[in-house]
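Labels run A, B, C and D following the written order; every chain starts at residue 1.
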């Protein structure tokens, strides 16, 4: 069972604090490798807070933890804080403006039982030339 | 007896290569060694053309204009045909950005895909791309609010965003799809796309015409539906409709016109109720 | 236990650059900060938690700690050999360091770009075609009776913006909160939306359509569609009336415009809307700049090279075209063959495709944090925290320049960005002969 | 390193030397009587014209407004750039060059001192950052006071001495050189999108008129003994019929003048319009020059139009919005809290445009109809009326009737019929031209070491490859035009910095500013009195407002005498 939503990325308190508390801290990972969904969408996916979901766009996919709602998220929208995890599904094409599309991208979300949230240092390996 | 010049990239070029000397104007009436000693830039190194490209003069019996036949992996080779005013350039594969920028005449044909800013700020001449093209087709350099002022660009594939940005005049034909903001800030000229478009076509246009034969997801609220038109002129030939004709962009008191093929856009049929009222 | 308090400290975190902080130090450690928000407080109290002090070089068999001269020499050699080096970051360091960075980029024929290109770069690309009617924040404090936050959530990203500059202030001509109206236009019902007088919740990726409708309403023409961007036609007319009938209105816009569908053109429409409004009343607009000195990076880049970011020196003179010479595009096309990252963490902020390319070439990182970029770097050189351990100049989001002060000594042997960059520049010139 | 320049034809009007063959000796950056020529570097200036380095009294080269112009117009730079060289940093030109290029291009033209005429106090730190990156030339900045809330409040209550103390503190704290006034009261009204019409219009919310602001600041200027007079951009600038306002402005301070001029009307061309609207715009140069000829308390600079594409930028926010309305070009507006405003709009002056052609004649008529060259200085209000690199074409128009005639053939016919220019036969002599480009600006700025080649002067020297004895300024103006564009030698502080258009060494000029003679504790009480209002009007802390002298790479304080504290 999966749904298609519009992904919005942005600042969050834990993301902002993480910049100063260090990006290797557990607090940063818990706060930033997370995804907020509207209550009705969560019901459709039969998931609750702290479950894991796989979020995939046309450029990649990432496993995130379903977070408690810090601020409101409308139906059909998902909110994920800026950070190395969400960057796994952000496309690098900037259509000539220098700015990749960080907000308003179409993604599929489905629950995933055995997924694990990647550790921050393992997320980005060198491009194998 | 006209000479054809064959220019072949020696290796895969990874670093950005500025090759604005690859034009008939720069090469005309030069000896082979002179052509090879023209300078190009590979990243921050200035290199003679001969170091990166094999140059060959071929006698051709056809008496048409000087032709440059450019081959090899040219994806990162930019500004070919820059400020060109006569002759022809034939490109076998893909080619990099700014192809034919500020072109004043002559013809360029690309068998593969072209990068962004294709025919940037073009005044005259013809560019034909058999594959796709990037963003900002015909657009001016940053900050200028007058773009392509003439000439013709025909892309058989699809193009990216802001095709024909700040266009003053000339014709752009896209057989494939048109990206976001097609014809943005247009002041004149015509854009025809046989494929579909993304949204916001004609945004900010003050004049000029965008003709779409495929599907248009939506029309900006700052355009008003005028009437249904049977056909419309693109360059010197006619394209059959029927079309919904919109005028705008009202946000700029614009007199631009959008021709949207009715057959592919039944989601717009609701506007026909305005026909009786007008 | 001796306390000493340094006053009027500028906070090196976000574009608000609040300069009324009081930093309390006891026994050589910062123990408290008055007037700062949670981000500023956290930075001052925890800046030295996750930091390295000695340079590290990626040897054949793993990382090796080296002295500064070795790290500087290796960095200089990487930069000289590179045929298209990318120098990126610059927004979280001082203007003085940015000036040395520009001289280094020119010396090695590289491309220098700052974090503007993935923040408000599209805003500048739009400004360069439309212009911008703007002001400094004090004009808002003194005169503004209509304050609109569009695609921005200040209570999350610029926590003291409301209390220091807009609805929470007492201005010469706006004494109380009732003299001002606050409007939020956003996709989510955020903290900021909850304190607004009016909240317009719009559909994602529809800012451009809403602005088109507003500009039609502004010209007293009819909006033909019943609903635009998720708002009823009448709501749009009401918003247009509110904008026309105020004495002094301002729109603060954030990454909601620059990062969603239509990035630069969303800002193009916003700048045009504000320009047209000036025919009817006094209206201004201001981007909510993120990092504490990203505005300074644009200012310094522009006065030295004529261009605000994405400046290519590869032909010995400045060239500029975002989409060609901007960091993410260069990395996506795999065109750079080395990189120097200063005061930024692109491995954590860039899309994965771009950051992978960053790691597949020699990478030099100058940063006080133990960031992802620093951990992956070929040469990682730790530096001081600007505005805490060394002085400098920074520019606020409305380009007002402010002095950054030194409140505490840096660790032994740890130098500032300016000193490190000057050492590398000197070494580059020695090696080039 | 000593320098000996021999066999040159020297023009030094201040020391009444007008075309004499003489040698000039330089030691330690100063002009001296003689040097022993065995050690000195000798420059053979045979058949060459020698004068002191150029002094530009009004040129927007640094600061927030100028940088907004650079940012706004990448298209202005893309085709005009300078490549990195042995002694030069790379940069871009166009109408608003980058800072390095600005310094080099002035030096190549033989200019050695340039004044940035408009910086808002709260952003002057930015202006000094840019001046530090403007090589070779000496420089200073004028600080904007005409719409400053503290100034308006002091002068409304006629507290002239308190206002003088405040102005002296600002100049000292922010390292400024002179008092600049732009559309006094009008830019404050622009904070609400309004303006003031004439000098007796009351400024909304402040109950004071431009006349009172101008008179108040002239009194302050005299009280503080500042080297330069008040530098004024008049109300109603760029509006048909504004010559009346300009005359009223000059009259309203007549009674305040004693020996030295009390007021400098800058870029006066823009303030000398007659007629009711653009269609019947005519030149008011006769009226303005008649008044200036009959009085000695006013100096002017031209603001001469060049027919080219340029970028207008001024603190006069409402004026720039008007230019946006006329031209439709992109518009930047920059209102500054409690102090001033600003605007930037690209604009192209066309010879075929009746208005632009008339503006072009007004500037030249002013220069030719004002008899005393010490009262009218050469300027284009760079880049507003045109870029400074075009000064040589203005010089040609001034010294040669034929040069004017050639350009008159290209202008709008209606302008040709109506303008006085075609029947003005006066041709300035070389000495008069040198007065307008070096001597009178130095005198007006109180720079006694500049503008002349007498012993003790700064060794800022320009040598041009043209023999004034043999080449006639009137008929062979083209040769002078070419010579003035690229000095054969430019010498700054006794060092050869440019040679035939090539920069030959790295050099950083001085930044001049007025060190107040006020005792520090006097400032202490002023600051305490200000603090409460400052916290209310501004969004930065009062103690972060001043600039430390260490922020200037080459600081040169200038000391003044004032009755207030001696």
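Going forward, a contact is a pair of C-beta atoms (placed from the backbone, for glycine too) under 8 Å apart; a residue touches a chain by one contact, two chains touch by 3 or more.
These numbers were taken from a predicted model, which means no experiment stands behind them.
Chain centres here are C-alpha means, and the one lying farthest from chain B is D.
With centres taken as mean CA coordinates, the chain nearest to the overall protein centre is C.
With centres taken as mean Cα positions, chain D sits 35 Å from chain C.
Centres computed as Cα averages put chain B at a distance of 46 Å from chain D. Put simply, the C-alpha centre of chain A and that of chain D have 57 angstrom between them. Taken residue by residue, chain D touches two or more other chains at 72-74, 78, 330, whereas all remaining positions touch fewer. For chain A, the set of residues that touch two or more other chains comprises 95-96.
In chain C, the residues touching two or more other chains are 125, 128-129, 261, 313, 315, 320, 322-323, 334. If you draw each protein chain as a dot and join the dots that touch, the picture is not a line, a loop, a star, or fully joined; it has some other shape.
The complete set of chain-chain contacts reads A-B, A-C, B-C, B-D, C-D.
Contact residues on chain D toward chain C in their complex (touch as defined above): 62, 64, 66-67, 70-74, 77-78, 81-84, 89-92, 94, 97-100, 122-123, 125-126, 129-130, 133, 149, 191-193, 205, 321, 324, 330-338, 344-345, 536-541, 543-544, 548, 551. By the touch criterion given at the top, residues 7-8, 10, 19-20, 95, 99, 103, 106-107, 124, 127-139, 141-143, 164-165, 170, 172-173, 247-248, 275, 278, 281-282, 284, 298-300, 302-308, 313, 315-320, 393, 395, 399-403 of chain C touch chain D in their complex. Those residues of chain A lying in contact with chain B across their complex are 95-96.
Taken together, the chain C residues at the contact with chain A in this complex read 38-39, 42-43, 46-47, 49-50, 117-118, 121-122, 125, 153, 156-157, 187-191, 201, 204-205, 255-256, 258-261, 263-264, 309-310, 322-323, 326-329, 331-332, 334, 345, 347-357, 359-360, 369-372, 375-376. Considering their complex, residues 6, 8-13, 16-17, 19-25, 59-60, 71-74, 77, 79, 82-84, 87-88, 90-104, 120-121, 123-129 of chain A touch chain C.
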